[in-house]
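Two complexes come next, and they have one chain in common, chain A, joined by chain B in the first and chain C in the second.
Our next item is the complex of A and B:
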């Protein structure tokens, strides 16, 4: 049984209320930080912890915090990225829904560390009901003196607000999120300047994922060095993994980084194996943007060593044989899954979500969707596979934000590892039509 | 819905509370949350008149509202049924049977994806990942997530919604699956 730091109390009745949350040790990090640590002490602990951004990029949080500009007389902001829209990812929703005070507490402690007196939680519009849960928690925190003026009798003050989005994947990109928070279309900004210099309203801003901010609480409580002992190498601490697809026990699991992938998939403590005893075919390990890997490469790397749930182990072998931990959106596909059709749903997703600013992404995502559509409908042409490869190559690295790469990688990896399936579709169009084998369901 | 586009007192109080969250002069930040309120208040969609009204409240140009409303998928620029059924179709939902759910609803309601029933009760829409992958297949209607769907569950839901006959909005509090 691994250590849990974030959702260890998720099944305690009424843990969503401030009273019960406090009875289980909640808000201790606010007390400790505000009463016995300087803001810089908190930043140092986060640096020592080795915590890396849990939204997907894995950038060291302490370093991101230390980039924050601190000009005199200019407000600084902390913005929580609760836009969680990466397909396969639903951990932040779980955390906010079950233990909303864990995020509120993290926001207070982190805002104190950064010297922010106003903070926002930007949550995707579809999670409207979760925004209500958060607002309720924030209300309770104000009433208990954890928010507002002179928190716990100190001279530190903080206002915390929730802002709902309008349904746009791109707003998970931090500069698009800031645009949206300013009431505009979610078009990513050209960087530099980075938000640490010019973010919300042109002021220095830190944008962190929900899970990252929640992890600050245990780090402050146990100390950065202790936190860094959990995990393997540069992958420290615990990580929430959203498990979905053809597994017996889909859901959100908090794991210690370093857990073997095979154990995660087959152990009853986690995914509980593949449904109906079928064989594992492929996994997308870190949200839909990261490369898909066939069973043999997700369980073991190209050297035959067991793959671990860490940033480093999952990316071993580069994109030729590896993938990424990403957001921890772990999607499992059994032997009946059509990789081509699955890829089509992802290509459709990225086309729908492209903001349209950069032509390689705007045109390329639509083109890839179109080509994949004709392939899955049995009208694929010889040369379509090479065409797809060519399009994704021309998107990758040629856009303002990472959405272009995110759209390109699934196509590239599916062709790299499952080219034969694309060929089968193109060479046997008649066979595809209405064949149940190519379309797997829950009950089949 | 009355013909005049004007928030009632309660909605106006909510709107003013939202505006107060942002620094002086940055009231445009309140645009997305207020559009949600407006959509819920004025029949489930944003008419040009509604958007102009929101622009006047925030003291911004109407085009600033149009360009935002047309960018985000949750804002309806055309009328929709009282219950907008949004079925997720991305990867994890697809492998767990989202297409069956869509086909079932189409058959049951006698409409195709994107269409509205003649009585104005239901609109069927397919949407991209709603963050409910571990409880697939699923659909969202207003604030409610309906998860681990079976065809029986879908039928019961449609019956319940039709009997209640009311407009479902994202801002509704009567979500079911939580706490």
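Our next item is the complex of A and C:
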């Protein structure tokens, strides 16, 4: 049984109320930080812990915090990115829904560390009911004196607000999120300047994922060094993984980083193996944007070593044979899955969510979707695979924000590892009319 | 001061200069093409991605190369920075990709487009585009909209450069148009077909790099290369009154701002000058306008004649000083 730090008490009845949460050791990090530590101490602990951003990019949080500009007389902001829109990711929702105070507590401790007196939680529109849960929790925290003026009798004050977004994927990109929070259209900004210099309302801002902020509480409580002992190498601590797809036990699991992928998929403690005893075909390890890997490459890397659930091990081999941990949206596909159809679904999503600001993403995502639609419908042309490859190559890296990359990587990896399936679709359009039937008979 | 090297050409520029501005100071082939950047408009640029370049050395202090191609119009130079543009096949390949993306949904209706001949997308297509399209789906279409009495909007031609939006924000009192929808369904439009109506609204026609915004008083009157540009001015209470007149015979077919060699107007002009003063008698004509751009207009024969006269004058002057 791995160590759990974030959702260890998620099944306690009424843990969403402040009273029960406090009985189970809640808000201790606020008391410890505010009464016995300076803001710099907290930042140092986070640095020592080696905590890395849990939203997808995996940037070291302590380093991000130390980049925050601190000019005199200018307010600083902490913004929590709860716009969890990556397909296959639902860990933040689980955390906020079950233990809302864990996020509120993390927000207070982190804001104190950064010297922010106003903090926002930007939550996606589809999580409206979760925003109500958070608002209730914040109300309780105000009443108990954890928020507002002079928290716990110290001279530190903090106001925390929940802002509901309109439900756009692009608003999960930090600068688009800030634009949306300011009341504008959620278009990503052109960087530099980075939010750490000029973010919300032009003031220095830190944007962190829900899980990152919640992880600050255990770090403050157990100390950065202790936290860094969990995990492997530069991947420290625990991570929430949203497991979905053809597995026996889909759900949110907290794992210690360093767990072998094979154990995660097949052990009864976690996913519990593939549904109906079928064979594993492919895995998208970190949310829909990261490259898909076939079974042989996700369980073992190209050198034959077993892959671990860490930032480094999953990206071993670059994009040729590796992938990314991303946001932890672990999607498992069994042998009956059509990778081409799956890719078409993803391409449709990215086409729909492109903001339209910069040319490669605006035009390229639509083009890829149309070509894939043609292939799936059985009207594919012989040059279509090369065309798709060329389009994704021209989008990747040439856009303002990472949405272009996110749209390009799934296409690239699907073609790289499953080219024969695309060829099958193009060469035998009659055969694949009934896709489900075709694939189940193929594997039998 | 910062020293920057672009394709092997070094130049010292002030801090805060962008790579593109530095390249324009050097001049020549190494200047990246631009579609959305407009030096007179703040925060413009960064959207079209045609000006992308590769930074092979970040700066003297931090010599690491930048991982991705950057938009040269929005990236400021650092001391010791090294940039590759036309010497990098990757950059040219990426730029070809961007041009292809800009053209896949463009109607290519140049034969009936008023912008033809002075269109930046045409130039870009000639220089970096493919001869044949690989896009075999129906192109996106929109209805044309009249934005008030003077401006016509062809959304099908738009490349989403946001210049007109920035112009409305920065030159005029208020903005009534902007971006609607998102992704490849996004369009520039007014709020429920509201007219754009203020004294400087006509400038959005000048800043439009393509034929998406055209002058309704000039539409279908003439191809631009049959008209002759003249510098002219008048006393105007609203603007500087310095314009370019586009004449055919003795008729003023249209009035625009004076554009420099990057296609950017020197000064924004008011609607009265642009749309209402269409007689030669309204203007004091200064002389033929030199179009410093590689285009069909600059090939106008009368201008080379003027150039010839000028050269004769120079020679005469040189001769007289010798004596």
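In this section, the second predicted complex is superposed on the first by the 436 of 444 C-alpha atoms of A that agree within 3 Å, B and C clash if a C-alpha of one lies under 4 Å from a C-alpha of the other, contacts with A are read in each partner's own complex, and residues count from 1 in each chain.
Following the convention adopted for this analysis, a contact is a pair of C-beta atoms (placed from the backbone, for glycine too) under 8 Å apart; a residue touches a chain by one contact, two chains touch by 3 or more.
These numbers were taken from a predicted model, which means no experiment stands behind them.
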Residue contacts with chain A in the superposition, chain B compared against chain C: B
Touched partner set for A:169, first chain B, second chain C, both or neither: first
Which superposed partner A:365 touches (first chain B, second chain C, both, neither): second
First (chain B), second (chain C), both or neither touched by A:352: both
Which of chain B and chain C A:85 touches, first, second, both or neither: first
First (chain B), second (chain C), both or neither touched by A:185: both
Which of chain B and chain C A:67 touches, first, second, both or neither: neither
A:394 touches, of chain B and chain C: first, second, both or neither? second
Chain B and chain C contact sites that coincide on chain A, given as residue numbers: 168, 185, 352-353, 355
Interface residues, chain A side, partner chain B - complex: 16, 75, 84-90, 92-93, 97, 118, 120, 124-129, 132-133, 161, 163-169, 180-186, 201, 242-246, 250-252, 284, 288, 329, 331, 333, 337, 341-342, 345-346, 348-349, 352-353, 355, 439-443
For the chain C and chain A complex, residues of the former touching the latter: 45-50, 52, 67-69, 71, 74, 76, 93-94, 96-98, 100-102, 104-105, 134-135, 137, 159-160, 162, 178-179, 181-186
Residue ranges of chain B in contact with chain A within the complex: 21, 23, 26, 28-33, 35-36, 58, 60, 64, 67-68, 71-75, 89-92, 94-97, 99-100, 127-137, 140, 143-145, 170-171, 173, 175, 178-179
Touching residues (chain side chain A, partner chain C) in the complex: 168, 170, 185, 190, 192, 351-360, 362-367, 370, 387, 393-395, 397-400
